[in-house]
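Read through the structure below, which is laid out as structure tokens, and then see the notes.
By letter and in written order, the chains are A, B and C; residue numbering begins at 1 in each of them.
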């Protein structure tokens, strides 16, 4: 795989070298240079669209910001190409981070409209701020590009552009196959699950916005030098649409997709000229055609064809992994974690979901939380895992207060959870799902990821080995390369457990893990939970399945109408008249409930 | 695993790329290129240029072409977008290797083109866009020429007319917020200053603006009784309507952006609005004009002269092509620099003006061929834009 | 004083158009959680068809009806072929781009039809200005906000008193539940797009005599209409209409006291700020996070 990656980049590099040698004239070379610039924008936008799943229709705004920054600095302060590009990158990353902020609260179309608004605002500021931007007339006579005082001729500047694109695609490729790329994909597919694994979605989104805006900004700076003239109408809404189309056409999320899309859309107008007055119509028709025929883009379509033809990759061998017992081993001095909640109260409007709930999960025990539907179990789980904020009360893990913390903080402090309705990263492979869980334990930073430092590679190998070990632990190793969404339901539940374990939790919160499982699967689950507990991980089990609880739990707590009505050993609780009443509505001593259902 | 396929596809695409960029090498031939808007809101401008240029080239080829070879005309669409105009310029010069380039409708495009034109060193002759600085760009040698109106001269001409018409001496200026409008504001202020006056109001607006009442109210309250327009038909019409709404009726004189279909849009409100042009097919025609009209009529299937929305563009392009052809003959070469030199020596009795010579190398202002004395004032009367001297307005003015 | 009234009246006229466009977005969004991103072109289409009708000698009122009908059919076809195949995908990029593509094609056709020019649509409503406290306004402009309010009331009545209207509300509330109740969700969605486009085309025809008809007339109206829908809260019909009026009046005051170019800067900045403070818009319903 690494071999083929290298070949891909080798060929890409060779093409960049070969093209100027065979360009028939300066015009063709220039057109190719224009493609390199658009390629840069598309490669960056691909991170935002293809990995983070966010749509930006305002990239022309960043392109403009970079362009104007470079043009103004080059004209007034005689900055060289590199200084201009760095300045443009700084300015654009600031605005990119600013624009990422709304994504905390809005997604989808709303976010797209925010980016459209951003593009229009930039365009109009460029029109209005005449003294700086030259207004509608724009900036003319931008100096020829020079590098450290050396003038760059047409060919020399070509090498700068080609080098910039090559490096950008390579770095983004590295980012894609690092903890950051995985986290972006994870956040895009299930933000909830990503948070529960300790990933801060806002930080990850901000990162992808920053990548997209920095590349567009640098592209803008290079464009200003290439064109030596810029004006506001270079950076319109329809340009933003074109940039987005490059990514979609080439294939969102693939290494070379953006570049291929940029190539086609740079050369397309040349060919559309022959349609004369019909060329706008032809462009629209083509756009429509792409969306219908190749919604996955060129690379995506080719990939799915290949996937259908070739045999699947063999699953990794058990020997490649580090056994779970080893990778989850806590230091001897660390005691199993104790979760204590005191007087937790949660209200939704007038509805009291939890009322002064106090609960103690002793270190190392398997603690079951039961109660009829609507008793407040889910609210309790969501509150202690940081998804809901309690109105009153507190909770802590081993004395560390968790009350006001965000979900990803709670996860980082050692509380992992699964979900009642499984929340897998459906489009990722089974192995990748578990590796996302390992995110917080990888310590290498952004620079390490971009440069693929030895440390980063070492950490990644470790992460992969641990993930393989965990898959082995839950018995999913043969499916390691399958797409998560294609797993049968029972296996999806196991994958969630493996993924949660990858965070190396001290307390594992299982939210109805047996729901929908066959009795054979439930037996397997029982064994698995025992083994987890034997690793020194405390377990809080939310379940309906009485047999399972009776077999596993050290302590059972019963919730009804948001209140704790009993908390004791299974045998005691089972005979508690209040519990029986809660489940059957009468105090009649019917035959003991075999399976409590409300 | 996914990345391997990504790489495989990358390989295929990259190979395809290198193949594609090798195609499309144009053969060299005596041609005149043009980048203008043939799509979008100013498509009529590109159409007018095409008509004028093609008819002139047909005439030239009928007499044996230039230096024994037939001339051809290549038109590319820039949709009014400067980057596309710049790309087209390079394509015409470097890929098609034409002898000269005709300019298009949009001033922003013309300003952007000045850079590559002078870098490459190919003669460019503007035939519509009037922005002063596009041609007077301070370059020497300057490859930018124009056979069209120039805003600096238009401004002086219009300011003269405005001050003649004004009782209070207060003139308001309405200009579109584009390269054309913003380029003109300096010219108009300058022309006013030459007369010892200042503009009473200078109001701007964007393309597509629907309501101009704030601007109109300010201009009215400034006491102006004449309004100068640097606007296109649509926005010109919206200004007229806003004036109607707030009950202000100044004399209106405009640059030629409102020479298209203002009469149809504004109806009776347009009556009396004066527009400067370099040429018009409207009103009574002399023999020369009639001959051209017959050719246009036959070649493009038109019925009424009113169907030509930018008569000035047709005539300017026609004259420009004839001037270029004469320059090629004089230079005895297709060489860009030789043709540029020869342009300064061409004498030609054209449709719009008598060019004697067409350009003057000693005067940077005379990269423009059409002198203000050839500008024509026309006026909207009942939906038709007629030469002012042929209407009732000409008599009172 | 007169100036202030002038700005308010002009602002209400243009705001009425924003309100009508935003209402279209509201109706489409309620049904499909997707919209026609080029809804502005529906306005243009209605007006262009009406002008072509007048050119062909069709009587004026009939030409306008033709334009409105064309808009409705356009909306239904668009929903069926450009929106429905992409609804429910992980991102909204699919239907955004397909509807934009249809917009590009429609605009290209209109440009070919009119050669890039604006064309007038005659109307008795712009024959002469009326004066209110010294401010001048065309009767047509006064009618637009009235029409916008009438449409909201009509929409409410439709939703309350007709079977189709109740079905629309059910679909907006919960698609699956509506389908279980025997409602044909696809048909209701198509109908909603048709209805939104009917209003869109009507808005285009209403505003045409004031702003003239051209291929590009809808683009910016569509974008601002969407901004208004988001400010007002796309789930609330009265909300978007109020936001439309407020947005229109605000624009006039910015134009009057700051500058024309500042208008878009202020307008779209307001939209972003509102969205940050009220992610569901000023009058929209808040959605509860479910884990």
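We take it that contacts are C-beta pairs under 8 Å (C-beta built on N, C-alpha and C of every residue); 3 or more make two chains touch, one makes a residue touch a chain.
Just so it is clear, the structure is predicted and the values come from calculations on it, not from any experiment.
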Checklist entry - Measuring centre to centre, with centres taken as mean CA positions, what chain is farthest from chain B? => result A
Checklist outcome for this item: Ranking A-C and B-C by C-beta pairs in contact puts on top A-C
Next on the checklist: From the mean C-alpha coordinate of chain A to that of chain B, what's the distance rounded to whole Å?
Outcome noted: 52
Checklist outcome for this item: Distance between the CA centroids of chain B and chain C (whole Å) is 36
Checklist outcome for this item: Expected list for chain A, residues touching two or more other chains, is 127, 277, 280
Next on the checklist: Could you pull out the residues of chain B that touch at least 2 other chains?
Outcome noted: 39-40, 43, 177
Checklist outcome for this item: In chain C, the residues touching two or more other chains are 108, 111, 259, 261
Checklist entry - Can you list the chain C residues touching chain B in their complex? => result 3, 6-7, 10, 13-14, 108, 111, 115-120, 126, 129, 131, 135-138, 207, 210-212, 214-217, 219-220, 252, 255-256, 259-261
Checklist entry - So in the complex, which bits of chain B are touching chain A? => result 1-15, 17-18, 20-22, 24-25, 38-40, 43, 76-77, 79-84, 86-87, 90-91, 93-95, 108, 111-112, 114-115, 133, 177-179, 181-183
Item to check | Of all residues in chain A, those that touch chain B in their complex | outcome: 1, 4-5, 7-8, 11-12, 15, 18-19, 22-28, 30-32, 34, 127, 130, 135-138, 140-141, 173, 176-177, 227-229, 231, 233-234, 251, 254-257, 259-260, 263, 267, 269-270, 273, 276-277, 279-280, 298-299, 302-303, 306-307, 313, 429, 481
Next on the checklist: For a test of understanding, state which residues of chain A touch chain C in their complex under the given definition.
Outcome noted: 49, 53-55, 57, 101-102, 105-106, 108-110, 112-114, 116-118, 120-121, 124-125, 127-128, 188-189, 192, 237, 241, 244-245, 248, 277-278, 280-281, 283-285, 287-288, 291-292, 295, 348, 378, 382, 387-388, 419
Item to check | chain A partner contacts - residues on chain C that touch it in the complex | outcome: 34-35, 82, 85-86, 90-94, 96-98, 100-105, 107-109, 111-112, 223, 226-227, 230, 259, 261-262, 264-265, 268-269, 271-272, 275-276, 279, 288-289, 291
